[in-house]
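Input: structures, listed below.
Below, subunit A partners subunit B and then partners subunit C, in two separate complexes.
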Partner chain A sequence: MPGADKEADLTERIEAFLADLKRGGCGTGPIRGSGETARETTALLRKVTAQARWSSAGDLMEIIRKEGRRMTAAQPSETTVGNMVLRVLKIIREEYARSRGSSEETDQQESLHKLLTSGGLSEENFRQHFVHLKANVIEAINELLTELDGTTDNIAMQALEHIHSNEVIMTVGRSRTVEAFLKDAARKRKFHVIVAECAPFCQGHEMATNLSKTGIETTVIADAAIFAVMSRVNKVIIGTQTVLANGGLRAVNGTHTVALAARHHSTPLIVCAPMFKLSPQFPNEEDTFHKFVSPHEVLPFTEGEILSKVNVHCPVFDYVPPELITLFISNIGGNAPSYIYRLMSELYHPEDHDL
Partner chain B sequence: MADCGEPDGPDNKDNITRSKNEGKELTKEEKQRLRKQKKQQKKQKERKDEKGPSETEKEKTPVSLLPPRPVATQKAPSALPAPASAPIPVPASAPFHSSPTPSPADKPAKSKAELKAERRARQETDRASKQPGSSSSSIKTKAPLSELNPVVKRLPEHVQVDDPAVVKRLAKKLERQQIPLRSDYGYKVSLFSHLHQYSRKAPLTQQLSIPSTVIHPSIVRLGLQYSQGIVAGSNARSVALLHAFKQVIRDYTTPPNEELSRDLVNKLKPYISFLNQCRPLSASMGNAIKYIKKEISNIPSQCKEEEAKTKLLQCIDRYIEEKIVLAAKAISKYAIEKISDGDIILVYGCSSLVNHILCEAFEKSRKFRVIVVDSRPRLEGREALRRLVQRGISCTYVLISALSYILPEVSKVFLGAHALLANGYVMSRVGTSQIALVARTFNVPVLVCCETYKFCERVQTDSFVSNELDDPDDLMVTRKGKTQLENWQDVSSLGLLNLVYDVTPPDFVDLVITDLGMIPCTSVPVVLRVKNLDQ
Partner chain C sequence: MSSRGGKQKKGNVTSEQEEEEQPLQAVLVADSFNRRFFPISKDQPRALLPLGNVAMIDYTLEFLTSTGVQETFVFCCWMSNKIKDHLLKSKWCRPTSPNVVHIITSDLYRSLGDVLRDVDAKNLVRNDFILVYGDVVSNIDVSQALQEHRHRRKVDKNISVMTMVFKESSPGHKSRCEEDDVIVAMDSKSKRVLHYQKTQGLKKLQFPMNIFQHGSDEFEVRHDLLDCHISICSPQVAELFTDNFDYQTRSDFVRGILVNEEILGNQIHLYVTQDGYGARVSNLQMYDSVSSDMVRRWVYPLTPEANFTDQQGQGCTHSRHNVYRGAEVSLGQGSQMEENVLIGRDTSIGANCRISNSVIGNNCTIGDNVVLDRAYMWNNVHISSNVEIHQSVVCDGAVVKEAVRLNKQCVLAYNVVIGPNLSLPEGTVVSMHHPEEEEEDDDDEFLSDDQEVGHSKDKTRQKAFNPAEVGPEGKGYIWKASMDDTEDEELAQCLWGLVLNPDPESDSESEASEESQDHSRSVSPEIDDVNAFQLEVLGTLQRGLEENIVCDNLVLEINSLKYAYNITLKEVMQILTRVVLEYPFQQQGTQLTTLQYTGSLLPLLKTWSPVFKNYIKRPQDHLDCLSAVEELFLEQDTHQTAMVKVLMKMYQLEILEEEAILKWFSTGATNDKSRQLRKNQGLQKFIKWLEEAEDESSEEGE
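And now, the complex of A and B:
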């Protein structure tokens, strides 16, 4: 039967996606960038919306939450998956509210005043059925997809506002966003880029070769030389894996050192991060923040005899506190780290923060 | 003393050094006679040249300067009034430098008369300083007043690679000493165009002929070991250098009509140039060489050759014993007081001194753990890891990019140093300043361990002006069969930078442990002054 086929097809796709996630973000450099992960997740959620059986918004939200929980459990460090699920949930709430005819403001945050006057939690249970809800939701998700497609270009367009001629810019590791940013500025301005190679994966090498092919003066330095050359750097532009709810970053390891060196020399630190990387998580020092990969990258098995007597750590991420960051450049413009909480409230609904 | 009359800087210096060496033989009267002869020759030459205005000037100055000179010879013991009186009659009004070496940059600005006046004054001071007993006092009385007269130090060649005149001068000097010149390799980052960048695959020894009569074979071996990185680390390089010099001294025979004290020093000069070409000298090596040269030139001329050689060998052994071995013992004694049970100590790279301290502390049954931080491309921390694990110390190993992850666990940071500069900055392996910076952010104390023989009089505020560039090909890495930077030479806008040293500002360092005790970073110039007075 066609329905069953489609369902089987859907579950197959989800399973394939989960397996890919489990393998993909294994730290040797994501096989897929975060942008592609976000797009795939959203496309998958659109399919779920289209094909799953649901009668009211509440049902749909339950289904999406269930799938979302499975997807985030496959790779907890890949926060874009969870972010997209939250975006879709927010879209559903908005469309539901619009269909009901109630204005946007009543659905906003629970304020103290509302709590007192309404006498308890709002009785929204999303049980009403609307005919056009499905179409509206799918249309909104398509808009989200187009927004995702254009994020890198939106960020790159702002490059000329931030880079002047003869600057020395430092960056760490490899970020597709920063690469596009710098290439866009290089069309009109001449500047020098210093790339820290970011051991042990040395993704900085790939970034340097890509940048130098477009004619940008690039220098590759070892991680150990970051503080030594920082005195000649005018700006530090980095990408990140996640933007946390307090405005801090979860970025590739070595970024905290760069941020501290930049603060010591009073060099501005600019983070190029699209909005889909914004996550409602707060940093916590427990095990869930850090992700480790095989210590073979750090101390290879050829070192033999001492391996059994030595502890070797290879963390992938670093926490950068928000006070070290000067500016966030995202597809909706430039923001200070202290404004991140407000942006988050516009993108996600507080009740969805824990999936 | 010779007075050639041409204001040519290097030649003039050669004359003066030659005259210094030979000055003991000529008496005062002979010197004056020589001077008068030379002046007359010069006057005849200039009359032929027919230079109008300068001639009158020249005729004026010898006349005006003659009267103060006989006065000055009688006042020889007091060196100070002599140079002060000499330039007063000179009509030119140029700032007077009593520095012994003329700086090449100032030369064209002075007129011939001023240069003559300077030379005159220098000769007075030289003659005065030759008087026994008055020499030390004159130098000491000169010292406080000479604070106003800048001591013009000659800038070392290896930080002036972008100046073609300096490069040419070095090439000529090496040609004279029959040492091949090492050529730079690869595209140099513009910020560092004033430094050399050599390739490890092209050692200097490939250009030497076999057999090489100019350079002693143990020095050739040493140079090769330096350039290939087989002997690395400040202490190791100094000790290897001193052992090689011992071998040189053992094989040395004084040629006839030469004195050991002068000839041996001259023999050592091409060796030092050769080693400098293989790898720029470190501060510790520089201090060791200064010490040896001083010892050699202090050998009295009536000493027999065998006696002199054994004396020198003993001096070298004593230097190694005092400055390196005993200093390490003293430093570990102080440092062990700072290590308590339950400590987690972070070390960076491979410092022989810090490893020694940790092993000693472990022998004395202190319970602590060590975290070894390492960095590409040298990966020296693995060597330190091996040594510590062999002793049985429990270790953790991370790369420097994981520093922020590991630092919250750490209680103390122990760092080694390559040199301590006179303004309190610590020059050490690249990455040390980063560790000190992050440790300060996490409020972890940073202790630097350094022997006093590594203290040097240079001052530096950043890691650019004086550094060493290592082979840039070392940064390449092959991961999963792919080498990203394989053809970096083909891409014109891509450069690789492999720095060797960096400087740590003194406010990141909490304590420096030396063989003289535990001092703050800012007390380094005090120690240097004390050391200079002792010598």
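And now, the complex of A and C:
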């Protein structure tokens, strides 16, 4: 039975992905970049759409939701996965609406009045069967994949608008997006980059090596020197793990220090974040917000006796409040933190926010 | 199913290996073959005991799966059905699992050796495999070690048979199991193990000289290693176990390989890692430290909230100070979870409790004003109000009534009831099984968890519970009546490991460094065998004394040892004499007075005289024996006065003949010291007496 075989293959793929997520990140953050995670999630969801048994959009959404819940539960700190699930759900809604012939616009522009009177789009509405829905949804997911492929380039393209000659730029840790951004700017302009090393994982070292390889003048500083050096810095450009719904960041440890120092010296703080990092999460969800990894990097296991006398923690993320951020640069352009709510409603359907 | 191997492979493992097509296999031994966890493991096999509310075997399987193992053979013996049921229900046996688990059960396994012999007999492994116990908790990425292992095997064909994974951790680390403390000499460059010795209880360490004379100019003697009990083995390991039917454990194997290195040409290597975590839960002390390491996230990503076993409802949340809460946990007013606390689902906790460094299972009820510190409570435990528990294990279904205090290192086994108003002294073990059932089973010499359960059942004559021990409403038998009962003391030590005496370790360590420094001392290489032989003889005699073995059997044993270590008859005698004469020092310390020494030695000589007589027959033997005596007393010069008494006794027991003594006395002196010795007054008198006696006897003869 080829159908059953396919399904087994699908579940196996999903299990493998889940296991990977669970084991992902032995300290230095995920093994792969979040861009890759996003692509993989989307590709997997496309496979689900193509291979699972469903007859109407409602069924499909239910399946995607179920898988999505498991995927997000596997590694709560990896919000990209959840974001992609929401994006796919939104795609299904749109395609369904288009198949029914109603305009997508009506769906999006929800006034308070509408919310109150309509009682929400009941699931009943998704029961209708359309022949082309599957093909359309898959087509739309493919478009999403193409968009994901291009995000880093899209962001890097904007570099020249933000980085000027002979500027001193500070960054913290390692972000693939920021790296591409700076490299792109370096093709035309000369500037100096200061990288905070970001202890205890010291991803900053790798970042600095990569930058200096392309001929950018690079200095690595200890995290403690961030404030002291800030007065010389013209701009702070950082990456992030997640952009939260309030416009704040969940970024690698040490980012908050940088942001506060930048605020003190009135240095602009620019965040390079592709749209897939935008999460409907708010920073008060304590359970999933933090990620504590093995304290090995802080106090090595080899230390011996002292370990039984002290508690060692090794948190990975910082929360940076939106007030400290000047500008977000995403693949669709620059936005202020206060505008995030709007992007949020464009990207995700409000009913999907909690899976 | 193993055919779908390739998909799961980890990038770095797969580099340029042509054998890579073969799936990586693992052998998981889900039996400890000892009774460390005893009254607890009577009801539940060790591999299924919960650690952080997850069965230990799940950690091991997760570890194997995450390193890319695609086929695991789980060998169970004791309570194999329970393990089987558990595995069949778990995610490892789902069809989608990347790691195919085969369960092999047999009641005949008595040791690791038996399991590996079975592996060989059934021809299960085709390639290098990972060998672990079912109670190993680890997140070490062994792919690096695996790669090194494969590389070595490729470079020099099949010489390296095993790579042991060790974690660096300095002495005094709480996660070091003192029973497993090892000292390892290894070649720094090739990472080859030259010498491997357990240090537990040893005050002195001895290294064979030849390891220092080996070709390599750099080597390390290390005592900062924690044995993770993870080994990467070649298929030959199983064959070697078959060939050497006396190998029981891995250390037997390692010793065997090292001793026979020249003959068989096999080598063992070491992989020392600094990252990751790996430890074996070999006793309750280790259970305590591994649990707390896990709650403190050392084993990340195997953390409680990760729910890696993928079971419904097992998830929990992690918040500050490493507090983990399962679903539906209720916490009374004023209760504090201070730090490093894991609480399973559906557990309710009363008011004003203070909980720190503890793990509480599912469905537990805890009353008001309870203090828990380093308490490990499994599922369905009921704790009443005003209870205090410190560093103890409370198993499934146990009930602790009002105002009970459990002091350190108590164990309440399954379904025990304690209290009310009682304080259990330190190290109390309470079980529903009567200790006497246990004693009757003691004839099982293999010390396996494997027990005849059936025959304990027919002894249904319930003995009354002692209310003084377990409280007025208590149910259960104390397993450790008093401290003076040596056997029970041993039991407690077994459960909690040897934590109480950290001193010997530091001693042996300094010894070790000392030894390693003066390795330039010129000692002939065979000294190793002689020393080993001496130790063995000592052990044999000791056992003979303890178990009242007939001297004929001792002789037999010493003879077989003689062949095993290739010792000449002359050496046997010298060593035997030496061992016997040193025996009182060995047993009672070196600070004995001469009087005490002779007092304890003379009866020994009498007991063992048949052994001596067996070896001392020719006149030359007598002289050799005497020179050994002389040598010893030259070393122990404070006890020289005892020498006469010894010689006298040996003469009386007809071990030594007078001619031999006289001859030795007149001719044996070779240097100043021995001449000095002969001037000893007592000795002179003795000789004189002997001479007279001889005269008399010769006169009589005429």
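What we mean here is this: the second predicted complex is superposed on the first by the 338 of 355 C-alpha atoms of A that agree within 3 Å, B and C clash if a C-alpha of one lies under 4 Å from a C-alpha of the other, contacts with A are read in each partner's own complex, and residues count from 1 in each chain.
Assume a contact is a pair of C-beta atoms (placed from the backbone, for glycine too) under 8 Å apart; a residue touches a chain by one contact, two chains touch by 3 or more.
Everything numeric in this text was worked out from a predicted model, so none of it was measured.
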item	value
Subunit C versus subunit B on the shared subunit A, clash or fit after superposition	fit
First (subunit B), second (subunit C), both or neither touched by A:218	first
First (subunit B), second (subunit C), both or neither touched by A:298	first
Partner chain(s) touched by A:290 [first = subunit B, second = subunit C, both, neither]	both
First, second, both or neither for A:23, with subunit B first and subunit C second	second
Winner by number of subunit A residues touched, once subunit B and subunit C are compared	B
Partner chain(s) touched by A:129 [first = subunit B, second = subunit C, both, neither]	neither
Contacts of A:312 with subunit B and subunit C, given as first, second, both or neither	both
First (subunit B), second (subunit C), both or neither touched by A:190	neither
After superposition on chain A, the shortest CA separation from subunit B to subunit C (Å)	7
Touching both subunit B and subunit C, residues of subunit A	290, 303, 311-314
Complex interface listing, subunit A residues touching subunit C	8, 11-12, 15-16, 18-19, 22-27, 73, 286-287, 290, 292-296, 300-305, 307-308, 311-314
Subunit A-facing residues of subunit B, complex	189-191, 375-377, 382, 385-386, 389, 394-406, 429-431, 433-434, 437-438, 441, 462-464, 475-477, 479-480, 484-485, 488, 491, 493-499, 502-503
Subunit C to subunit A touching residues, read off their complex	4, 7-8, 65-66, 94-98, 139, 141, 167-175, 224, 274-277, 289, 296-301, 306-308, 310, 315, 317-319, 321-322, 339-340
Contact set on subunit A toward subunit B in their complex	28, 192, 197-202, 205-206, 208-209, 212-213, 215-229, 231-232, 253-254, 256-257, 260-261, 264, 290, 298-299, 303, 306, 309-315, 318-319
